[in-house]
Amino acid sequence: MSSSMPRVEFVVRTMAETVLRNEEYFGQLDAVVGDGDFGYSLARGFEIVLNDFDTFDRSSIAAFLRKIGMVIASRVGGTSGPLWGTAFLRAAAAAGDKTALEPEDAVAMLRAAAAGIQQRGGASLGEKTLLDALVPAIDRLEAEIAAGAAPVELARKAAETARQAAEATSALMARRGRASYTGERSIGSPDAGAVAVGVLAQAIADRWSGAVGG
Amino acid sequence: MMKKFVNDPKQFVPEMLQGIALANPDRICYVPQYNLIMRSGAPDDAKVSIVQGSGSGHEPAHVMVVGKGMLDAACPGDVFSAPPVDYVYETIRRLKSQKGVLLLVNNYTGDRLSFDMAREMAEAEGIRCETVIIDDDVAVSGSTHTVGRRGVAGNFFVIKAVGAASECGAGLDELAALGRRVNSVTRTLGIALSSCTPPAKGAPLFDLGGDEIEVGIGIHGEPGRRRDKLVPASAIVEMILDAVVPDLPYQSGDDVALMLNGLGGTPLSELYLLYGLAHRRLAGRGIRVRRSYVGEYCTSLEMAGASLTLVKLDDQLVSLLDAPADTVLRIF
Amino acid sequence: MMKKFVNDPKQFVPEMLQGIALANPDRICYVPQYNLIMRSGAPDDAKVSIVQGSGSGHEPAHVMVVGKGMLDAACPGDVFSAPPVDYVYETIRRLKSQKGVLLLVNNYTGDRLSFDMAREMAEAEGIRCETVIIDDDVAVSGSTHTVGRRGVAGNFFVIKAVGAASECGAGLDELAALGRRVNSVTRTLGIALSSCTPPAKGAPLFDLGGDEIEVGIGIHGEPGRRRDKLVPASAIVEMILDAVVPDLPYQSGDDVALMLNGLGGTPLSELYLLYGLAHRRLAGRGIRVRRSYVGEYCTSLEMAGASLTLVKLDDQLVSLLDAPADTVLRIF
Amino acid sequence: MSSSMPRVEFVVRTMAETVLRNEEYFGQLDAVVGDGDFGYSLARGFEIVLNDFDTFDRSSIAAFLRKIGMVIASRVGGTSGPLWGTAFLRAAAAAGDKTALEPEDAVAMLRAAAAGIQQRGGASLGEKTLLDALVPAIDRLEAEIAAGAAPVELARKAAETARQAAEATSALMARRGRASYTGERSIGSPDAGAVAVGVLAQAIADRWSGAVGG
């Protein structure tokens, strides 16, 4: 089987471009009960990812993702830098020395990323964080793989779940991050991080076939 | 349109830091790459290095309280964003002292994560670190919200105390214990009369009606615990004291330091008015104000509002608060 | 509805003064009947008494710069109103010193009239007085407007210089000459991003569009000389320097003090940003900043805006500016 | 002829009550190109005049007016205290030891008041101050006396002129007081002090016959 590097690059590039396009939107979401810097913070990191994209180590998928994680962990401020950076670093570790990734490998990498976020930030599911979109999306991905769906379908289904789960965070009361300080007032609007996960997943799904084939 | 003195919003923090550097050529040293403001001559192996980092927008906290008797360095992030990990890591490395590095961290998830990761990296290189978490805000109750209380204007007292003690050669563990002790007797509550506008956002973080106030506000433009109607200053002071005094509790017979901190857009006249009301009401409760602090110590950009901080005093603490200091923040 | 920490607007000034008195029991003495804040121990026959009066709303000017090395007393009027004659008269009487009383008066009709009448009354009782009129505002050209220039933030330098010299025993005439000399090398221009709301009025003094600024603003909420569009901070600094520098003029090779004064609602971050831009542009014109002052020195309530002041320095002036002082306005 | 004291008391009381009723209006006028404190400042002085009204020395008209002048000069801040106080003090001096005032005496007292304001404040006519309403009103008063008008008519005519002259200050550029700092921008709105003179004169005229007879 051929190298998955182009596909990994595609995913990372799509994430970066989508973050930059949504800088303002993500910031507005964070401003409702947070402090409004989420879009700005992420954008400053993914901006560097895009600018330096061609210079990153491509000796392996793991090396490439590790570099992305380091850029984000070290250069993004706020809560998001350490959390998103950790996610990439853990995904890199889970990729090991693989060059061709099966759908099951993607699931394992995403699980490792989510576990890293969970461990570093201490949040449990239902506390109104990006985990509340990410984890259901991974579950769906796994279920669709088991059901034999094609890659492009997998991405579409996972994105659908991510978006729905992000919407559903509206009903939750924030117990992590700055939004938690507002207590009950955090109920009624979706979590910025969760929505971002939905938007990124959708962008990946939308571009999937065009960019790298089914 | 945002009514601010600003050029490119992305350059807001660097341009501010450049101004600080130019205004204080002898006091501090500026490392643009990491938003780092260090005291001239730091690190000093005869002294624990004291480092604070947080988002920007809280000026004078923390970049302007770098100097003799206060911080040895501050590494701010962007407005209201914790500094990225490598800013903190580089700061710790450059401030490495034989006696260790004390990290003062306001209790916010972002700040804690950045400082934790940076500290791990620094300790892996053999740099001794201790961390003091500051969480003086009574608006957030530690029990129902598991992230715990926020660190707000009370951080000034922690910095002042450990800063003074470090000048006298106190060791790392002793300073960490002192910092935790000061934090443990410090309580703050903030009230906002307006929102504030981060330069990169260009619009206020929340809208307040013409007769509304936010009670229990943080220092990042997050909305407070609840929205109330604007009431006369006396009623506001009473409400704040009713939240702050029972929290420790401060009791009849206690000596305290009383701080009326402006959040950025409230003039000194109103702060002193509030101060006078609070001082007299505390006296009415048998609590004696032994030291007073009125002005801007920890702000939220140009937010109109104020926070009130009480610190329970003992003689050691009074002498640390009275010790001389010379920082970027100065009048003359 | 007015968004302020206030009780009865008519008690705004007395309640502020009460707060100052309570926060500074050792430094000052407060005479409520005349809004009078005197330095503890004043008058001192070994020292000329230095008195400043003006409207309130300019805090820290002038009640908060009472103390060692600065003013011996201040007697503010209501917000933006010159003190009534008998406040000034009683102040002069209580500050009577063998060496005389120096009156520092910002050049406004109301202040001049009050001080003139009070001085006549005091001199009739044999109290020696001298008056220094401060008029540093370049926005008002002395020739076409016969009332002359206003006194604005530059008054800080006059106070600091005569305050320091008076501590060393300088005589009344010498101090008056010094004050006039400092005033003569001091120039200021102010820019407002917002209006301000006097408590008794309860509404802003003027309306500014979302993209408008007032250029050449006074310190009483009077509109400025003209209304401009908001431009980036660099362009604002350039515009201010273009008005201030040629006015004295300040020339290549000059040493100056540079003050970036906040008008009440502008945060320190923006002031330092402006400071940095101004410092570098002055350097570009060959003018060296030898002393810097950034913060609130003379405000208009909660007005968002800033003024820039230049003072041409010589060694005597530098040492007077560097002399120690201890006033109500303090950090620690 | 009987004592003019009741009439002097009536004039002062009417001025005081009118100033208090118009505190906000006068303040608004001063806010256009001034600093908005004119109404507040005057009101704080005339408030004391009203409160202490019954306690003032009434041994002579001069003594009474001198006391009013001192209260205002010493207790009103801003420009208005010294100017309005001086006006009362000068009117008192012009009254001398008279107990019954003829219309000509009133003119002399008003001229003395205007001269006092002029001397203390240094303003000339046409510089957009209260003098620009006061002086024309006195001129009119004098002319109507010469023409043989009845007292109630005198007050009405003088008030009419004061109000018109006050309106006409709109066209002037302020050269005195705080308003002068705005230069050309002071053109287009009337001077606060001049309008106050018109309002006070009108109030006196309106109440004249009812209060003290023709």
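Labels for the chains are A, B, C and D, by order of writing; each one numbers its residues from 1.
Just so we're on the same page, a residue touches a chain if its C-beta (ideal position, glycine included) is under 8 Å from a C-beta of that chain, and two chains touch if they have at least 3 such contacts.
Remember, it's a predicted structure, so these values are computed and weren't measured experimentally.
Asker: Which integer distance in Å separates the CA centroid of chain A from that of chain D?
Answerer: So the centroids are 76 Å from each other.
Asker: Could you work out how far the Cα centre of chain B sits from that of chain C, in whole Å?
Answerer: 29
Asker: Distance between chain A and chain C based on Cα centroids, please, to the nearest Å.
Answerer: Computed value for the inter-centroid distance: 55 Å.
Asker: How many angstrom lie between the CA centroids of chain A and chain B, rounded to a whole number?
Answerer: Taking the average C-alpha coordinate of chain A and of chain B, the gap between them is 33 Å.
Asker: Counting only residues that touch at least 2 other chains, which ones in chain D make the list?
Answerer: none
Asker: Multi-chain contacts only, two chains or more: what residues does chain C have there?
Answerer: Not one residue of chain C touches more than one other chain, so the list is empty.
Asker: With chains as vertices and touches as edges, which is it: line, ring, star, complete or other?
Answerer: Its topology is that of a line.
Asker: Give the pairs of chains that touch; include all such pairs.
Answerer: Those chain pairs satisfying the definition are A-B, B-C, C-D.
Asker: Inside the complex, what are the residues of chain C that reach chain D?
Answerer: 10, 55, 77-87, 89, 108-110, 113-114, 116-117, 139-140, 144-147, 150, 198, 200-201, 205-206, 218, 220-226
Asker: Given the complex with chain C, which residues does chain B contribute to the contact?
Answerer: Going through chain B, the ones touching chain C are 1, 3-7, 12, 15-24, 56-57, 59-60, 64, 160, 193-194, 210-211, 230, 232-234, 236, 264-277, 279-280, 289, 292-296, 299, 301-302, 304, 306, 321-322, 324-325, 327, 329-332.
Asker: Tell me, which parts of chain D touch chain C in their complex?
Answerer: 27, 31, 33-37, 40-41, 44, 73-83, 85, 120-121, 175-183, 185
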